[in-house]
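First up is the structure itself, then whatever we jot down about it.
Each chain gets a letter, A, B, C, D, E and F, in the order it is written, and its residues are counted from 1.
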Amino acid sequence: MYQLGVVYRNITRTDRATADALAPLGSATVHEAMGRVGLLKPCMRPIYAGAQISGTAVTVLLHPGDNWMMHVVAEQIQAGDIVVAALTAECSDGYFGDLLATSFQARGACGLVIDAGVRDVKTLTEMRFPVWSKAISSKGTIKATLGSVNIPVVCAGAYITPGDVIVADDDGVVCVPRAMAAQALQAARAREANEGAKREKLARGVLGLDMYNMREPLAAAGLKYID
Amino acid sequence: MYQLGVVYRNITRTDRATADALAPLGSATVHEAMGRVGLLKPCMRPIYAGAQISGTAVTVLLHPGDNWMMHVVAEQIQAGDIVVAALTAECSDGYFGDLLATSFQARGACGLVIDAGVRDVKTLTEMRFPVWSKAISSKGTIKATLGSVNIPVVCAGAYITPGDVIVADDDGVVCVPRAMAAQALQAARAREANEGAKREKLARGVLGLDMYNMREPLAAAGLKYID
Amino acid sequence: MYQLGVVYRNITRTDRATADALAPLGSATVHEAMGRVGLLKPCMRPIYAGAQISGTAVTVLLHPGDNWMMHVVAEQIQAGDIVVAALTAECSDGYFGDLLATSFQARGACGLVIDAGVRDVKTLTEMRFPVWSKAISSKGTIKATLGSVNIPVVCAGAYITPGDVIVADDDGVVCVPRAMAAQALQAARAREANEGAKREKLARGVLGLDMYNMREPLAAAGLKYID
Amino acid sequence: MYQLGVVYRNITRTDRATADALAPLGSATVHEAMGRVGLLKPCMRPIYAGAQISGTAVTVLLHPGDNWMMHVVAEQIQAGDIVVAALTAECSDGYFGDLLATSFQARGACGLVIDAGVRDVKTLTEMRFPVWSKAISSKGTIKATLGSVNIPVVCAGAYITPGDVIVADDDGVVCVPRAMAAQALQAARAREANEGAKREKLARGVLGLDMYNMREPLAAAGLKYID
Amino acid sequence: MYQLGVVYRNITRTDRATADALAPLGSATVHEAMGRVGLLKPCMRPIYAGAQISGTAVTVLLHPGDNWMMHVVAEQIQAGDIVVAALTAECSDGYFGDLLATSFQARGACGLVIDAGVRDVKTLTEMRFPVWSKAISSKGTIKATLGSVNIPVVCAGAYITPGDVIVADDDGVVCVPRAMAAQALQAARAREANEGAKREKLARGVLGLDMYNMREPLAAAGLKYID
Amino acid sequence: MYQLGVVYRNITRTDRATADALAPLGSATVHEAMGRVGLLKPCMRPIYAGAQISGTAVTVLLHPGDNWMMHVVAEQIQAGDIVVAALTAECSDGYFGDLLATSFQARGACGLVIDAGVRDVKTLTEMRFPVWSKAISSKGTIKATLGSVNIPVVCAGAYITPGDVIVADDDGVVCVPRAMAAQALQAARAREANEGAKREKLARGVLGLDMYNMREPLAAAGLKYID
């Protein structure tokens, strides 16, 4: 349940080194490393392919058709942040365009995750300001009602606390709680370290059936081969 | 982000009198009284019309296609509870049917809110065990993977902490955080007390334009009447 | 393209007798009689089963999350009208509840068609005030931005001019332009007059294949029976 | 892949006694008894609550916006059949109304399952002719292109061969292949026989955790209780 | 409501200079300049990124699964036109491919906006013939039923009159009525002229809060900063 | 209806030359050549633009949230195969990533068609391993329940038998049954041979109305031109 009309100026961010180190691991590996949790719904798609970022969440709660708080959150951005915009009800309007992107980028934001729509995607792409959204829409918004900044929000089905780490790439968006970030980074790195050897084996034609010792449990489960 | 494989046995429930008193006010009035927050997405629909309940949330986190934890949560139910079932990923399978409903009802639950599917809806209707779900499906589930019980969850876009109050009726489902329940009850009652007089006026043909003194602000906003 | 901030007070309604006479024919028959046009999208569903109405459209254009103009349109309602509410962008909020329904009913409206959400559906059902909507939602709305009343609107994919006839039942909603209403009524009655005899034949086991002389065109199209 | 323009007149139906005996068991139990397969997608919903039928499938393949073959399939209906209508592409038009229902009912059909829309649902409800569909729509259809009758079809994601048994109720629709029908009936009955005793135990407050001996496997999987 | 079976050969197009001048301003700016109206639903997406066009609408009304009228509209195309294809009911079939695109391009069309599906998107991309559609589908269509050409249509929720200007880019599609085109162009240019200076300020780190003087109204609305 | 827990090792594939020859013709032409059947639903989209493949289907049936059988199917892949993955219920999880792609590619697969989600799409794009899916999602899956390999499946609404030919490109995915492959190839080539001349004519400005002799049938259907 949301508190409205407040801006928390002091949030505890995950330390920058940890937050930044998660980007190259990617959303899928980080999500697996945390025990398969933390994902935003797959309707959240990047506006262009290839962006892969991580950063600390500053959050903003918006009302349908109203982007007033986007200007309020801009002031709270620090270098390395990712803005996470949640909605009080479903809306596909275009809350964010090239002017706000210019402002966010100038303040140090490395991206936006929004459970609504964006516009000016051609310019955002040229600016290399990545956005993950559930819609692209020219529809403009008004500035009439207060939401909040830096309160915990639910964005695309995930609970996100200001200062958590967001990892976003072509596969989607995952939220790593601040308290788990160091451990998630370690687990994700361990997971990835493993993958090189596996990939090489698989590339040589070794089967996962053998590499993961699956034949026995499959037989135990009753799998039958028929010639 | 979810903690997996845990069952919290001791949760602090909103006091029963407050939780029960919210039902007759209905989800819309309670939601308004809280400042227009707390709603689950409108895809959550009742399996039959006319049920109107409130109660304290016991939560369960489920994996796609796996209802194992529904049996675990059953043990944590107390009289007056509403079970709130969240998912780690989107799934429309039928997690819940007449046997589980019999068990939940025997333990004292007054309803279920589930961000997935249910089945045996004919029998559930006859039992008057109300369910709000996003799907109805005969699809069965397995029992293979641990989720959790009584952790905070995101269900249909809303953040719900065990012990919060759930208010559910034909209009949808709203979550009232425990800390706000007494105040929300008071505000909702005040709101409703007002409505009788308004309804009577409107029924006599008085216009909202006049009753709410809207003519001046509308004119100020530039509204033009054309004959 | 919409003109904003205007209320047309004088619209030319289809004559009441014609408008009222279309209800018993139903949306499917009227739609067929007009040459299979005029339907709103099938996402428009009645909030309760069994209502079957027709009436003259008074229209209102709303913004996402803002129901201010619903109070403005109330004043323009005359006996026999159906309010048609269109949106400038997609929104599922609950724009309309029992208070507005009391007002609309007092002014003589016989129903509401809205390309968004409604609430208080239990009370609306008890009041027998029928609504066709694309969502049911407790989500409240604000009163901040001007739309318009009695301009032509696009509602659920159909173009509706104030004064047109709306026919709505369990099958959906159809709009009959004022200029075509008399002719549509006649054609729909002719169509229905035909149906009694057809129904009787089909009930006796006569096949449509024979009653409609389809066997020859089917054979001409190449249909083959295989034993 | 579909063969177009053919009507198979002689199909081998599941024996009537078996087909009829599946109805009271319901779609969920039958689906479970077959090993959790055979379900149509949950978008298939009954037009009214409470119908619970089973019968042998006669199939028809339709094109978008064209219901010509509905008249062709009518002739192939025998007492105890359920018509299963599949589409070559997605369409929500109203392919079926009260006239066709009168014909189908006169020929002995006990219901319709259609991966598209229907209309005249008020009259169909009064006739007690149950339909499971993915849409309700007044939209009329033309008669221009040949489909087929009694070929195997994919309907709402399930593969259905003419003569298979269809079981449909408020939970959805399941297809039981002819070759498995006797065995499915037996397994479903066994499953149901079990349920009475279970229900009684659960109603007395016995937990599924104990009745199904789940505590040990849950502990083995690592479930932790926290006080 | 649609008139069927007619082709209007003489339509009044917005003058070419105005129509062409809107393209570089883009759909979002033009939509804002008109007062935030005129947009088609955001499900209308370009088949490839980067196209940005404007032109005068020639319209065509199609039936589900039938593209006959696409050949009829081809003859009515003049240089600088954009074809706008509306449907009488929802359909995702592929109405348009490389042959029709060759024909349209030869006649001078600069793009297609269709509330249905298209195919041959690889070739269309190579031809640089831009299409905005709600689906991509190989599904073929028949040629059996008359629609109309150059009547006013509802396409993706917007009302479009032949001769109106269509502006389409990566953000979506907007319709500018002929009568408003000159004024919309002027307003959009004024809006854009403003943006350069704003962008520069924002790029230097000036906040929208200050540039737009929002601090006072936000405080007046009750916004609280918490340290 | 699906048989669970079986792997068919010997399937009869369409001969390689025929299967390979269908790729350059594309899904739309092949679908038309078969009489407008065989398409998977248009929700199946390529993870990157430009891939155009054909190959023989090896099939795998998966449960929601469980990708165990993906490792089982890997062993059954031969050079020139396309893996077709069907689900027993709707699921958008990421069943497939770069490790499995490495394995599939090493075994000779030229692509994957899956009625669920995939992940690692950036790496898959770099590997040029094309996938058609209905979702992209980082969500991981478990390995707990047996499905089957090389049984006939329903994938995205199409019935696919192991050994059938799959043709997939930017327009979608079509299945050509083995028994029809040679004939479909011949018909598709004939169709394409025709297109060059048509394209040239259309490029010169000849109208489809004249090239296809449509003017007479359109007039016969009642088309009216209005000046």
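In this section, a contact is a pair of C-beta atoms (placed from the backbone, for glycine too) under 8 Å apart; a residue touches a chain by one contact, two chains touch by 3 or more.
This structure is a prediction, so every number in the text was calculated from the model and none was measured.
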| item | value |
| --- | --- |
| Given chain A and chain C, the chains that contact each of them | B, E |
| Steps needed, at minimum, to go from chain B to chain E via contacts | 2 |
| Equivalent-chain rotation between chain E and chain D, CA atoms, steps of 5 degrees | 180 |
| Listed pair (B-C, D-E or E-F) duplicating the A-C contact set, over half by residue number | D-E |
| Centre distance in Å when chain B and chain D are each reduced to the mean of their C-alpha atoms | 31 |
| Separation of chain A from chain D, taking each centre as the mean of its C-alpha atoms, in whole Å | 41 |
| Centroid spacing, where centroids are CA-atom means, of chain B and chain F in whole angstrom | 42 |
| In chain E, residues with contacts to at least two other chains | 36, 39, 42, 88-90, 92, 137, 139, 145 |
| Listing of all chain pairs that touch each other, if any do | A-B, A-C, A-E, A-F, B-C, B-D, B-F, C-D, C-E, D-E, D-F, E-F |
| Chain D contact footprint on chain C (complex, rising order) | 26-28, 31-32, 36, 39, 42, 45, 49-50, 52, 169-172, 174, 195, 198-199, 202-209, 212, 214, 218, 221-227 |
| Sites on chain A touched by chain C in the complex | 63-66, 88-93, 137, 139, 142, 144-145 |
| Chain E to chain C touching residues, read off their complex | 1-2, 4, 34-39, 41-42, 88-90, 152, 154, 157-159, 164, 175-177, 180 |
| Residues on chain F engaged by chain A in the complex (per definition of touch) | 5-10, 48, 68, 70-72, 74-75, 92, 94, 97-100, 102-103, 105-107, 117, 119-122, 125, 135-140, 143, 145-146 |
